[in-house]
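For reference, the structure discussed in these notes is given below.
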Amino acid sequence: MKKIINKPENFVDEVMEGIILAYGDKVKFLNGDKRILLSNYPAKEGKVGIVTGGGSGHLPVFLGYVGQGMLDGCAIGNVFASPSSQKMADMIRACDRGSGVLCLYGNYGGDNMNFDMACEMVEFDGIETRTVRVKDDVASSPKETADKRRGVAGMVYAFKIAGAAAERMMTLDEVAAIAQKTVDNTRSMGVALSACIVPEVGKPTFSINEDEIEIGMGIHGEKGIEVRKMMTADEIAQTLLDRILEDMPLNSGDEVSVMVNGLGGTPLEELLIVYRKVHMMLAEKGISVYMPHIGEFATSMEMAGLSLTILKLDEQLKELLTSPANTPFYTNANKIPLK
Amino acid sequence: MKKIINKPENFVDEVMEGIILAYGDKVKFLNGDKRILLSNYPAKEGKVGIVTGGGSGHLPVFLGYVGQGMLDGCAIGNVFASPSSQKMADMIRACDRGSGVLCLYGNYGGDNMNFDMACEMVEFDGIETRTVRVKDDVASSPKETADKRRGVAGMVYAFKIAGAAAERMMTLDEVAAIAQKTVDNTRSMGVALSACIVPEVGKPTFSINEDEIEIGMGIHGEKGIEVRKMMTADEIAQTLLDRILEDMPLNSGDEVSVMVNGLGGTPLEELLIVYRKVHMMLAEKGISVYMPHIGEFATSMEMAGLSLTILKLDEQLKELLTSPANTPFYTNANKIPLK
Amino acid sequence: MRACDVKEIFSYISEIMANNKDYLIELDQQNGDGDLGISMSAGFSEVASYLKNTDEKDLGKLFMSCSSKFNEAASSTLGTIISLGMMGMARTLKGKEEANISEVVDALEQGIQRIMDKAKSKPGEKTILDALYPAVEALKANSSRGVKEATKAAYEAAAAGSENTRNMKPVHGRAAYYGDKSIGLLDGGSVAGKFIFEGIYRYYSENYKDDSDK
Amino acid sequence: MRACDVKEIFSYISEIMANNKDYLIELDQQNGDGDLGISMSAGFSEVASYLKNTDEKDLGKLFMSCSSKFNEAASSTLGTIISLGMMGMARTLKGKEEANISEVVDALEQGIQRIMDKAKSKPGEKTILDALYPAVEALKANSSRGVKEATKAAYEAAAAGSENTRNMKPVHGRAAYYGDKSIGLLDGGSVAGKFIFEGIYRYYSENYKDDSDK
């Protein structure tokens, strides 16, 4: 195992300490608890709270989106494991400003059950909650059982757009409805070239042959659903886009945002080469791209590979995507179109 | 070779096409030349131009810093190879607004000779130029021959600060002097855990044993100056910082900016763990950190490893570091301290 | 069963989980993320050490605390499921300082029911339930034969049930992606379920001389 | 030497560089980045194909164009150095449609001088100069023996000079980092220099029957 870490069991805590040392003006722990991160940015009174949670090892997902115009709080667990319901409940309480809290997170067994318990706990205290689960990973279940799909990089769009809705002082139900619309309009598909190593496990979850790639790998380093011979960047772009468009057909004249997300080990150059092909294929179909996101937004530590996310836009989503957001790990300040 | 690319010989061109498809509102080619990128942001009349150049394969270095408040133009060559002097000359001409152009780039043989030729060519046309070479890589030469040192991630600070000086309408000599001061106050040191593969070469430049790391590797995937047994994150942080402070002593009360830069294959989590230790060691010495930069700023494609850069600040440098800059690949919008 | 039995039982289970940490990791890596061994050993060791230091006598309150300790330490999918099961048991045992075997069976049935409700699953879906469910059934069917025999039967049923998951198609979690491809593979969660009943059985067989109904 | 000789010579050199692309990559990888083989084969093939399609007779203008073509195609450190050398030659050959051997020697000396000025280097520093410099000296010393013999001597001197770099400590570029550690290693640039004179020699030896002073 070749990782720049200290004791594997301190991995998550030390990452969190690093974050507070670097960005302690912008984010903070809840009562010193290193697994609950809250925004330190000024927030409007009565604004709906938005929280998320999930396992560690996916930076900037999830806690990287805690800040202004996105999330109010995030509870994190060990690497690839859900945080506890108790921590989630504490976080929800801390993020309620009297207008309720939206729990917006990826559709995973552990997270679902824990957030459900947490919501039960805080509703006891009279805090209203809504739940929207992100289910953008097309590979994770067929269309007929789309409800079982997991959440991957597409959740960043949901965070961004729901965050902007809350910032505009929409109600809890309105914010939840917009988050749900975003989720409904988002599809992702990924490929992995190499696996990743959970620090406490110390060896890769699976190994991929030198001449093969895994289509639809899991964001926790789980094996892909399909092993294919290594392809060119253009073929990868085509394979991913085809699967997405099969699931969510688009028409000429549609406008989308495109995210080409590196999983951790893949260079930016390669993401741009894939973006190039995706853009050209969409353009051929008369589909235009607004505010592309190319970079690392949801990773699996050192895994090599990338995911493609398509968000179908309407005027409302577009406007909310454009409105300002700033966190220590994300900003759209340099993504907003010139002129 | 496991890379998400098409034909290796098209690597650079396709990356550049991807950039223009994604960010064509913010940057543009000079007369369709895919090796010369210019800013498309509005710029003040008579502003001093700042240009750079160098090999491909280091994104966001170099061209990622072309935009507002940083660079006006960048000429790039093949992977890890200098662009030609002709392209540099064309770029310099395009970036001159009558007040002259600063050539600000890393101290490498090919780049030096080509930029020198380019400056000779444009001076023929009456364009004034100044040259500042970035030499922050402590590992690349001993202190006695510090003039031979190469430029690595520290150049991002030079781009940022010189860019802000130009934005404030300082003269060419003033901008060059500030760039030089930044370079003089910057030191970097890196470690590599794995090598990288030049697409057209198809195999790694060197191999590192599973239990070893290379201290002071080259940004082109050159072997390090010293092979060491794998260390913990804290030991790595200490090794790098010690070497930097030996070269540029700091005193209690000093203020610095710290960059922990991933080389391409290393997860953000690990960068934060290293930042944590660096911050703590500096704090122990009474040195405070302003606007840390943690992420990927200068890479060597898929190389695993990181570099540490320390920029010693004074009031002027601090102010210029803080003033706004936006490019498709960089912004300090979310780095500026709250309150 | 009294608080002191619960303490011992969990220390047996915790030891087994720790010894099988790598094995559980491997099983989970077959088509999951490999964290199963980590969360099981962390969760049970946390609960075991909590139990060592508590004077709580009320079995309901004891299991409620175990549930939340377990969830704190191991909030992975399976960790949460086990914690839900403990919560179900806690409700049934509330107010009791001692429970006879049929009351324990009752509590376990409630625990399993709570898992099925919250995790939206049932036996036959290649999960831990395929070990837990037959084990509790066997415990019930053999309860008249005394605690040693009954827990032995439960453990054997759990082991057989776990082995049976090889023939099943996964429905939940990441494993479900692989569908038919995972036929033949053992479900890691069911093995953890088997280990739970192994701990219970070993505690009673090593510490109870006569087959009294404790 | 006339334009038609130059054309042929570069096609010989280009072929040698292409055949040794991998070898040059390997040499550069010893303590550089490995691009040497790529830039040498790209640069010379570009120049060779430019020369095939030009009618330029003026040797000065010809070398000037070669210099900028080479720099466009191969602007790495060594590429730029070779392009600087060509530029130096161009200045000396300007206005001539034919150059005799001593004029060629003159031009080569100017080329080397220009490299030394701009790259701030001299023989003995483990670079291409350690092949080029002795080669030109040998060419000069043997110029009275006719072009075949003279270019043979030059090639042999280049080869010996390149071999000699094994004993030298690098001063320039990335290689300088390694200092004494690189003693024993051959400098890739000097091998490229040897190949240049190998191309020149082979052209004359294969195409010139008599040892006339061309």
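We just call them A, B, C and D in the order they show up, numbering each chain from 1.
Rule of thumb we're sticking to: contacts are C-beta pairs under 8 Å (C-beta built on N, C-alpha and C of every residue); 3 or more make two chains touch, one makes a residue touch a chain.
None of the values given here were measured: they were computed from a predicted structure.
Student: By raw count of C-beta pairs in contact, what's the busiest chain pair here?
Tutor: Here the largest contact count links A-B.
Student: In terms of CA centroid distance, which chain is the most far removed from chain C?
Tutor: With centres defined by C-alpha atoms, farthest from chain C sits D.
Student: At what distance in angstrom does the C-alpha mean of chain B lie from that of chain A?
Tutor: Whole-Å distance between the two chain centres: 29.
Student: Need the CA-centroid distance for the pair chain C / chain D, whole Å please.
Tutor: Comparing mean C-alpha positions, chain D is 77 Å from chain C.
Student: I'd like to verify one number: the distance from the centre of chain B to the centre of chain C, where each centre is the average of its C-alpha atoms, in whole angstrom.
Tutor: Computed from C-alpha means, the inter-chain centre distance equals 55 Å.
Student: Could you state the distance in Å from the CA-based centre of chain B to that of chain D?
Tutor: Taking the mean C-alpha position of each chain, the two centres sit 33 Å apart.
Student: Among the residues of chain A, pick out those that touch two or more other chains and give their numbers.
Tutor: none
Student: Among the residues of chain C, which ones contact at least 2 other chains?
Tutor: If we look for residues of chain C contacting two or more partner chains, we find none.
Student: Could you draw the chains as nodes, link the ones that touch, and say if you get a line, ring, star, complete or other?
Tutor: line
Student: With touch defined as at the top, which chains are paired up in contact here?
Tutor: A-B, A-C, B-D
Student: Hey, which residues of chain D end up touching chain B in the complex?
Tutor: Listed in rising order, the residues are 25, 29, 31-35, 37-39, 68, 71-72, 74-77, 79-81, 84, 118-119, 172-174, 176-178.
Student: Considering the complex alone, what residue numbers of chain B touch chain D?
Tutor: Touching chain D from chain B are residues 77-87, 108-110, 113-114, 116, 139-141, 148, 150, 198, 200-201, 205-206, 216, 218, 220-223, 225.
Student: What residues on chain B touch chain A, complex-wise?
Tutor: Residues in contact with chain A: 2-6, 11, 14-15, 17-19, 21-22, 25-26, 40-41, 56-57, 59-60, 67, 193-194, 210, 230, 232-234, 236, 264-270, 272-276, 279-280, 289, 292, 294, 296, 299, 301-302, 304, 306, 326-331, 333-334, 337-339.
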